[in-house]
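Two complexes, one shared chain (chain A), two partners (chain B, chain C).
Moving on to the complex of A and B:
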């Protein structure tokens, strides 16, 4: 039972990190109809920036710089490429971001090489224990920060003028534009927010129990794709639920690996995708996604 | 239905240019002659180029087969798939298992059935087709981008299976691939020995011809599919599922068939990849491979068979050529500084993807088409319809390809 609780807590903390990534993914989709395949490499960019500047700027400075750099990178992508392609088919937009992803990822992998860059979190590898249930401080902090950020995001989404503008343009871009909502601004801001969220996720994703910044972080970040998809690509609440679900499922599968050896070692990393496929089989637009209606 | 709008302009021109039929002009001979020259060049290629180019050629031929297959699915049917790497793996592993022999190195042992390679190849293609067919009910329920990400899952599941199912796949380190032989004629060694015009025909030369035959076959089959009823059905389905079903196209069945054919192509491509590398390992079939294939068809021009082949030559050939000329090319350095060959190629086609989508959505095929059009209609009175932004890139190739087909009925 303690093992189960332990895994549950760890799974939820991993899930909140996924939720941060997936949330960015979803708001980009809502604001600009882009499925951003470059999200993983944006995240890696944030992690890399934090890792290489941490010695000079200290942890907090580096973290802030990483967030700014990632947000600016996302903004540049949006301004230079996505904004030029407004109205292009969704698949073309997705493929463009794959091009962006190839470039950023190749560059980062070349820089990182086979090293594992260390990020000096002030809490290092500390552990909290309560009874038999343990969680690394890093993941604990992640859970708190993510909860605050996600809460703030939902408040802003509901009440701020940006949130209203964004929901309006996601609902019906043309009408929103006629009402004086500037689509370009909404979309740019969405990319900035998504970039920043990805960098925050990166900050915690590279801490204990993960060893540090390596190209493998990109693969971990990819698990947020299934989270966004199974929640429903256009549902922010879905991203949160999807993230938690994927996080818990993955951690459970990894934790009970020994009981499921017939499925092979390292089965945990595949679980997000299996969960996603199962959910999509039953609900093709995800758990909370709007169904596409066809009008003839 | 741009065909209708174009048709008057296209038919008026020959009628006005000559009373009665002008017969064959020299221009109508250009195409067959050009094709003949290219074929001849490809046939005598091994006589003049060394093994490096021949091996590159075989690897590229494999990529061409795969790209044509993916293009059928993405470009013509409009089903975004990132699972191509997975299907390549199924083909490669099936062939290796069916035709391989038992053995292994280190403490991993692999089993194999030791069947004749040609049987292995055919069965591998069929098995991969079956895998595609099994995935198609899931795929059939999903639309567009959901399908893209769902197919992403297949790649990761495939990676896991490749790493875990050691007795078949060789596990993390992979296993070696049996050479291809056809009725005692080996493509993996110089047995039986022979030479043409004083050039000994060894593995590389033989593989070149194998690649040539398979790639040409794949090309012709895909073109015939697309120019006949199923092809039209697929393209209608891509443009509008509702319209397609109203016209009597069984949407689910055609989607399933598109998956079947596309993954059969991927299977063959996987077998060829395995043959060209000589061994298979899980890392050869990761997400990046899928992305590479997507890059090929986007660069070549979605929906165009010839474009897919061009894109494959570009994306698959570039790293190999860079590697070869690493010390001559600027920026691409071998050991000391500079970019590794593979990296340089990735930057290039990453950039190329972005530029193509932004400026020439019809890809390389679009360039070729535009060039040809300019030659055909001097005077600049091109009646090309402006491409509206909302049309998919596939549609726009379609628009420019139709009149070209209609104009050479002879």
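Moving on to the complex of A and C:
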């Protein structure tokens, strides 16, 4: 039972990190109608920036710089490429983002090499325990920060002018334009927010129990794609639920792998995709997705 | 005043939708544009609102001027800020947003809070039902209410000139009458109106001036009342003097269907 609770808490904390990534993925899709496959390498860019500047700037400075750099990188992709291709088919845009992803990722892998860059989190590898239930401080802080950010995001999405503009232009871009809503602005802001959220996710994703920044972080970030897709690619609520679901399922599968040895070791990292496939078999447009949407 | 001068618009570089149209919307007037499907009515409005490029359309020749400002190739947001706003065909309300949020979306182009509060008051006075149903999703309104919401949303920009693309489309005759009254009232409050319609009875009833478009060209124009007396308009648009009685024409003629029905 304590093992179950432990896994559940850890799964939820991993899930909130996934949710941050998936939320960015979803708002980019809503605002620009782009499935952004460059999201994983944006996240790695954030992690890399934090790791290489932490010695000079300290942890907080590096974290802030990482968030800014990632947000600006996302903005540059939007302004230079996506905005120029407005109106192009969804598939072409998706392939363009795969190209961008390959460019950023290749360069980052070259820079990181075979090292594992350490990010000096102030809480290092500390652990909190209550009874038999334990979680690394890093993941605990992640859960709190993510909860606050996600809460703020949903408030802004519901009540701010940006939120209304975003939802209006996601529903009917031409009419939103007729009302004077500037889609360029809405879309640019969505990329900035998504980039910043990805960097925050990166900050915690490279802390305990993960050893540090290595190209493998990219693979971990990829698990947020099934989270966004199973939630319904155009649903922010779906991104949250999908993130939590994937986080818990993955952690459980990893934690109980001794009981499920017939599946082999390392089964946990496959689970996100299996969960996604199972959900899509039953609900092809995701848990909360709009029916008419192009399916992935 | 909005002045369109020898305007020529093509789609995809080939199809000529508007061929040399010249027309004027004087300040404070209601101007009706009549014409059947494919006459170039919607193209005209897209040109004024700056959304032609979304449909791969292009202005080949001519000007569209609001007072002294050329509107051709301007960004739609800029045109709204200059005071020209469109109520698109088929209403196109944001059906997943609440009524309140729809109105808010209409006011997003301006930062002037006082003007927005005034505009919202005006919309609520014109359409009390939008206040009652403020928190409902737009998609749950009836067709007539959706049309009111679409007009209200546009009025949130405090426009000088309101463009209406077939507001009567798909509505019951009684509701069409109400829409006509609303247009007259909006105009009385000082907003010029350019009304594109297939329903000539309603359009000529509220308009001061009218133009008849035929395959991209102006075939008739003039004072709305005088125009409604001419044989051609009587025969083609008002259904008088033809062999078939009006009721029958209404039911047997090819009716345009709504491209988007969300209620």
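By our rule, the second predicted complex is superposed on the first by the 292 of 296 C-alpha atoms of A that agree within 3 Å, B and C clash if a C-alpha of one lies under 4 Å from a C-alpha of the other, contacts with A are read in each partner's own complex, and residues count from 1 in each chain.
By our rule, a contact is a pair of C-beta atoms (placed from the backbone, for glycine too) under 8 Å apart; a residue touches a chain by one contact, two chains touch by 3 or more.
This structure is a prediction, so every number in the text was calculated from the model and none was measured.
> Overlaying the two complexes on chain A, which is it for chain B and chain C: clash or fit?
fit
> Quick one: classify A:174 as touching chain B (first), chain C (second), both or neither.
After superposing on A, A:174 lies in contact with chain C but is clear of chain B.
> Where does A:182 make contact in the superposed view: on chain B (first), on chain C (second), on both, or on neither?
Only chain C; A:182 stays clear of chain B.
> In the overlaid three-chain picture, which partner chain does A:254 touch, first (chain B) or second (chain C), both, or neither?
neither
> May I ask you to decide whether A:165 touches chain B, chain C, both, or neither, giving the answer as first, second, both or neither?
The answer is second: A:165 touches chain C but not chain B.
> Pick one for A:87: touches chain B only (first), chain C only (second), both, or neither.
In the superposed model, A:87 contacts both chain B and chain C.
> Taking the superposition as given, does A:225 touch the first partner, chain B, the second, chain C, both, or neither?
First partner only.
> Is the number of chain A residues in contact higher for chain B or for chain C?
Counted on chain A, the partner with more touching residues turns out to be B.
> Please work out how little space separates the C-alpha atoms of chain B and chain C at their nearest point after superposition, in whole Å.
Comparing every C-alpha of chain B with every C-alpha of chain C, the smallest gap is 6 Å.
> Where on chain A do the contacts with chain B and the contacts with chain C coincide?
Dual-contact residues (chain A): 87.
> So in the complex, the part of chain A that touches chain B is made up of which residues?
Residues 35, 81, 84-85, 87-92, 94-96, 98-103, 106-107, 110, 222, 225-226, 228-229, 233, 263-267, 269-270, 272-274, 276-277, 280-281, 284-286, 292, 294, 296.
> Residues of chain B touching chain A in their complex?
Those in contact with chain A are residues 74, 78, 80, 138, 141-146, 148-150, 152-154, 156-157, 159-161, 163-165, 241-242, 246, 287, 291, 294-295, 298, 339-340, 343, 346-347, 349-354, 357-358, 361, 389-393.
> Applying the document's contact rule, which stretches of chain A touch chain C when the two form their complex?
Touching chain C from chain A are residues 87, 161, 164-165, 167-168, 171-172, 174-182.
> In the complex of these two chains, what residues of chain C are touching chain A?
49, 51, 54, 75-77, 79-81, 85-86, 88, 92, 94-97, 101-102, 104-106, 108-110, 153-154, 157
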